[in-house]
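Next come the structures, one after another.
Each of the next two complexes has chain A plus one other chain: chain B in the first, chain C in the second.
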Partner chain A sequence: MSAIQSAFPGAVLESRVESDRRLWITVDPKRLVEITQFLRDKKDFDHYSGAAGVDRINENLFEVVEILTSHGAHQVVVLMKVKVPRDKPSVRSLTGLYWNANWYEREIWEMFGINFEGHPELYPLLLPDELVGYWPWRKDFKGYPDTTTGERAIEQVGPDGYTEFKIMPHTELIKAGVLPERPKYPTFREREEAEIKSDSEMIMHMGPQHAIVPGPFLLDLLIEGERVKKAFLDVGYIHKGIEKIMENRTYLQGIVYTDRMCYLASITNNEAYCGAVERLLGITPPERAQYIRVILAELSRIQSHLLGTGEFLTLLGAATYSPFQYMIIDREDIVYLMESITGARITHTFVRFGGVRNDLPDGFADKARPILKRMRERTEEYMDLLHSDPIYTRRMRGIGVLSPGDARRLGVSGPPLRASDTPYDMRREDPILVYPDLDFKVVTRKAGDAEARVEVRLEEILESIHIIEQCLDQIPDGPIQEKLPKKIKPEPGEAYYRVEDPRGEMGIYVVSDGSEKPYRVKVRGPVYAYMQALPPLLEGAYVADVVAIAGSMDACTSEVDR
Partner chain B sequence: MVLKSLKYTLKTALTTTEVTRLYPEVMMELPANERGIHELDATTCIGCGSCARICPNSCIEMVPYKYGNPLKNRKMQFPQIDYGRCTFCGLCVDECPVSCLKMGKKTEIAGWERKDIVYGPDRIAVKKFSEKEVAELEAEAKRQAEEKKKAAAAAAKEKAAKAKGKENKAKAKPDEGGEA
Partner chain C sequence: MYLSTIIETVSAWAAQEPKIYALAIGLIGAAIISAVINIGAMAVVWLERKFLGDIQARFGPNRVGSRWGLLQLGADAIKLFTKEDSIPRGADKPVYVWAPIIASITTMLVAAAIPFGALRIDGKDYPLVVANMDISAFYVEAALSIMTIAVFMAGFSSNNKYSMLGAFRGIARMIAYEVPMGVCVIAVALMAHSLNLVEIVESQTLWYAFAQPLGFIIFTIALVTDLGRIPFDQSEAEEEIIAGYTTEYGGIRWGLLYFQEYINMLLGSILLVLLFLGGWNGPSIPVITVLSPMVWFLMKVLIVLIFLIWVRGSLVRFRIDQVTDLGWKWMLPLSLVNLAWAAFVGLYFA
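Let's turn to the complex of A and B:
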């Protein structure tokens, strides 16, 4: 902190050291890039973890919060804010410093209308073209169509007889300079015209509906012969606006929505949100509750890895020994264990502020131990099987290689990053709950290819089993819920909380204004980062390997779009 | 290699017990705290509406229903749940002050139309009063209400008398039903 202050006198307007892992600073917008460069080059902040926009309508300001951390050099998270006036919001883009700032800034632009100077491709990411210019995340957004004026979509009958409903673009407003000229996402035809240079090239669609994709997203591949020359990715087909919905619900009701961001990781999403609110409220859950939360988080990691790996192997056509079915059979046991605790199979809504919803059922440990033992045997079996399968190894080895440097630069996290020889795990970097008391190792691989990613996942299952067994041995008796005020109304403030999702770094940033509802919730999901890294990863690959590469990332579109 | 995978296949086939469920003939065994369709104990529900307020999807509506306890639930309002919107999150269950709303093990909901899966209190109530009991309770409630009214009237009279006695005190309002 003091290093920044001495290096840039006058540039730091405000600062707060929350703990030895969190540093909040507000800096002068004009010097943002300089300071960030200083942090990146001199202070090892080499991981751009995300950015959030906040609309401070009462102060007539927009805030952009840049979240910077380091890949293991130290464990400080810097949340750097810049404040810009609301009428002409513009911030310097950080895309020149961090490659992966691209999508985060695009999202802030389309949601808040904050311009990013120097951003290479400011066109909508999640929203449809016609919604641009309404800036839906702003606090004075009236709804679409505008609920206050009752403006409705206009019915248009096309030449082919289909009726379409359209909101007419405000041409006058664009002319008057109120709304920007809307940069459009290129249509397929336009893209073909722009990109195809020779006869041997063509554009191939994968998605929005395709067997390989875990949810709807569009992957356009410009291919020359068998090689992918360039890949274009478009997401936003299932944008649900969860962040905005959560602003309109009380803190407690928000937990329900975190489940629905990604159903395979609902416990960890709960955990991230509740953790952030707990920081705002200044409470810590009792120890027993912490153990229960760890047990559930690890169980959910196991089931997510099983499903992810199994699904991926099916995509590769591993039908002889049908690993998918086996993994589903095993996953069923784990899901049953989770169901016996929480009462639901996938959307748990289980973690509460300062505790958990209910205690472990009687005899849980006795029931869990044999299942975990069996699970361990089975996982070792899978590892042996995959390792000794020459077809599988040939298909996977050396495919989609991410070198450690690239992996860090592209901002991926979780198993793909660890498969690229970077031991970056939130359970170590930003320890929460009782993780510091538990013994586990961070699984890494050197190779960085698709095979390594699957290996990391399978080995993490073993680690998770080890963690759960320790928890079952150590779990103390005691209360499971901290005393809470009748109405949950945190003091005005903000908190950022990270957990290790099955897929990587999941961070939730919550701003409170002292009312019953959160002022702003921003979700920084791991899959968002993978997806962004996918196009450069696919370049130069064979079409047949696209499935292997995309699948080995274990993506979940629902969380990308939120 | 192929032999090896086949070995595992065989091993699994021989050792793993049955995997396919016989649903719908045999329902799988559900754990004790399964979050299925709600169960309402209409005899204890006090009609406070907490469940309706906490529901994140506003699927609970308070509707009139006959077979409840008029002593506790004066307006005879009970929750009706729209399963077209319910996410089975269980917040309503946590919030209920008298723990009369629970979630059971039944999970099957089907209907031809949307309104078929809006379950009124009669469909989610697992405990309710019979017609006769309700009548008795109602009589009891009436009697109590009357008593209360009398008591209130008496109290009001007393107060009025007091107020008259102490004229220097400003208007004493009769406090209806306050002490009853």
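Let's turn to the complex of A and C:
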């Protein structure tokens, strides 16, 4: 902190040291790039974790919060804010310094209309083309079509006979000639067709409905024969606007929405949101609740990894490749354990501010131990099976290699990053709950290829089992819920909280303005980062490798389009 | 015995009127064969669905036709026949329509020359074959490769990128494996001193699977490849190119293409049994002496089929370049080694 101040006198407008892991600073927009470069080169802030836009309508300002941290050199997270005026907002782009700033800045641009100077491809990412220019996440957005005028989508029959439902621009605005200024940009289709250089190349669609996609997204491959020359990714097909919805719900209601971001990681998503709100409220849950939360988080990691790996294996060898079914059967045991605690199989909504909803059922430990023991044996068997399969290793070894440097540069986290020899795990980097008391190791692999990613996942199952067994031994008796007022109204402020999702680094940034509803919630999901890294990874691969690479990333579209 | 009297009468008549005899055998045989291989292939489909179900810890068909789902395929066939017949707008119509028909014709051509077992009468085996030609092994090989043309027609005419890629993959794969497969057949013919499938079976006092194990392994792998089954089903890899060359087909046209694969699977297993596993050779079984070669034959075919299904349930798919790589760089040289081996050992046997 003081280093920044001495290096850039006058550039730091405001600063707050929350703990030894969080540093909030507000900097001069003109010197943003310089300061970031200083942090990256001199202070090892080599991980651009994300960015959030906040619309401070009362102060007539936009805030852009850049979240910077390091891949293991230190554990400080800098949340660097830039404030720009609301009319003609413009910020210098950080894409020159961090490759993965690209998508985060595009999202802020399309949602808030904050221009990023020097951004190479400022095209909409999540929004459909009709909506660009309305800046839907601004606080003064009235709905599209404007909910106050009662307009609805209009039915249109296209030239090919298909009926489309189109949302037309407001008729009043057209009449008055005050349509919002529509930014000009080439559409997705035009951009990808511009890349076709010869007759032997063609564009092949994978998605939005295709066997490899875990949810609707469009992966277009520019191929020449079987070689992929370039890949284009279009997401946003199931964008739900959860962040905006949560601004209109009370804090407690928000938990339900975090479940829906990714159905395999609902417990960790709950945890991230509740953790952030707990920081705002300044409370810590009782120890027993912390243990229950850890047990559930690890159970959800096991079941997510099992499904991810199983699903991925079916991609390699049609749906007839049998280990998938066995993994699903094993997963069923784990889901049964979770169900016995939370009462739900997928959307748990179990974590609460300052505790959990229920206590563990009677005899949970006795029920869990044999299941975990069996799970361990089975996982070892799977690892053995995959390791000894010559066709599997031929398909996977050396495919989609991410070198440690590349993996960090592309901003991936979780198993893909750890498979690239980077022991970066939120449970270590940003310890929460009772993780510091537990013994576990961060699984890494050197190779960085698709095989290593699957191996990391399978071995993490073993680590999770180890963690749960320790929790079952150590869990104390006591209350499971802090006393809280009926209406949760945190003091104005902001908090950023990170957890290790089954897929990687999940961070939630919550801004409170002192009311019952959060002022802004920003989700930094791990899959968003993978998806961004996918196109460069696919270049030069075979069509069949696309399946191996995309599958080994274990994506979840639902979370990208949260 | 009256059976032998019938045979004597028939052969006497055949000697008298060879043309009418050939015509009659051809007509009756064609009717019987189309019935047998279609019902046989349905049985194969049922077997695969049931056995794969077992491998994957699920049930397989268990509603239509008792708890074994025996009538499931009938129901599927009715469904396919009654579905709307659609042809994509941009398709090359005649080619699109003829592709499945050519595929069916191919399998019929193959089936014509294949002996479906034998009957043992007075200690002598009478093979059940329609066209017992001198070069039947070679002919079957040649007819099987016509399938490539059907695949290409289907892929090319559909006007679809996935279909096209699937057809390319199918052809690259089939060419790479027809050659070693053919060389293996030649090696067998060398040992048997004949290209006639019946004579090849009769000459197998020692199964050729033991006389030339290398050839047996190569032929089996090439056969799986030719059938387009996992791990060699790149031409219709669902996860990459939707359904490969069959993407644009629907209803009974798709049904025909799909069914050819299973007919081919049945014929391929029979071919493997005939060439390498001693065909219908086996000791006589008391009581059903007449049928004993059939019993041995069907048992072997069943074992080969189950092996093929098992492979499908337990392996992942190769990448197409790995397949052709394996074919040209390993299978072909090894099949030539096997040919040399067969030539030397064949001399010794003779």
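Simple rule for what comes next: the second predicted complex is superposed on the first by the 513 of 562 C-alpha atoms of A that agree within 3 Å, B and C clash if a C-alpha of one lies under 4 Å from a C-alpha of the other, contacts with A are read in each partner's own complex, and residues count from 1 in each chain.
Operating definition for what follows: a residue touches a chain if its C-beta (ideal position, glycine included) is under 8 Å from a C-beta of that chain, and two chains touch if they have at least 3 such contacts.
Please read these numbers as outputs of a predicted model, since none were measured by experiment.
When both complexes are overlaid on chain A, the residue A:Y326 reaches chain B and chain C alike. After overlaying the two complexes on the shared chain, residue contacts for A:A73 are found with neither chain B nor chain C. In the superposition on chain A, A:D389 contacts both chain B and chain C.
By the document's definition of touching, neither partner reaches A:L13: not chain B, not chain C. When the shared chain is aligned, chain B comes close enough to touch A:A344, but chain C does not. When the shared chain is aligned, no partner comes close enough to touch A:I57: not chain B, not chain C. In the superposed model, A:M202 lies in contact with chain C only, and not with chain B.
The contact surfaces that chain B and chain C form on chain A in the two complexes overlap at residues 320-322, 326, 329, 389. If you check the complex, the residues on chain C that touch chain A are 52, 55-58, 161-162, 165, 168-169, 230-231, 233-234, 237-242, 312-322. By the touch rule above, chain B contacts chain A in their complex via residues 1-2, 4-6, 8-9, 12, 16, 19, 30-35, 54, 56, 87-91, 94, 103. Within the complex formed with chain C, the chain A residues making contact are 202, 204, 210-212, 225-226, 313-322, 324-326, 329, 389, 391-392, 394-395, 542-547.
By the touch criterion given at the top, residues 249, 252-253, 255-257, 259-260, 320-322, 326, 329, 332, 336, 339-344, 347, 349, 357-358, 361, 381, 385, 388-390 of chain A touch chain B in their complex.
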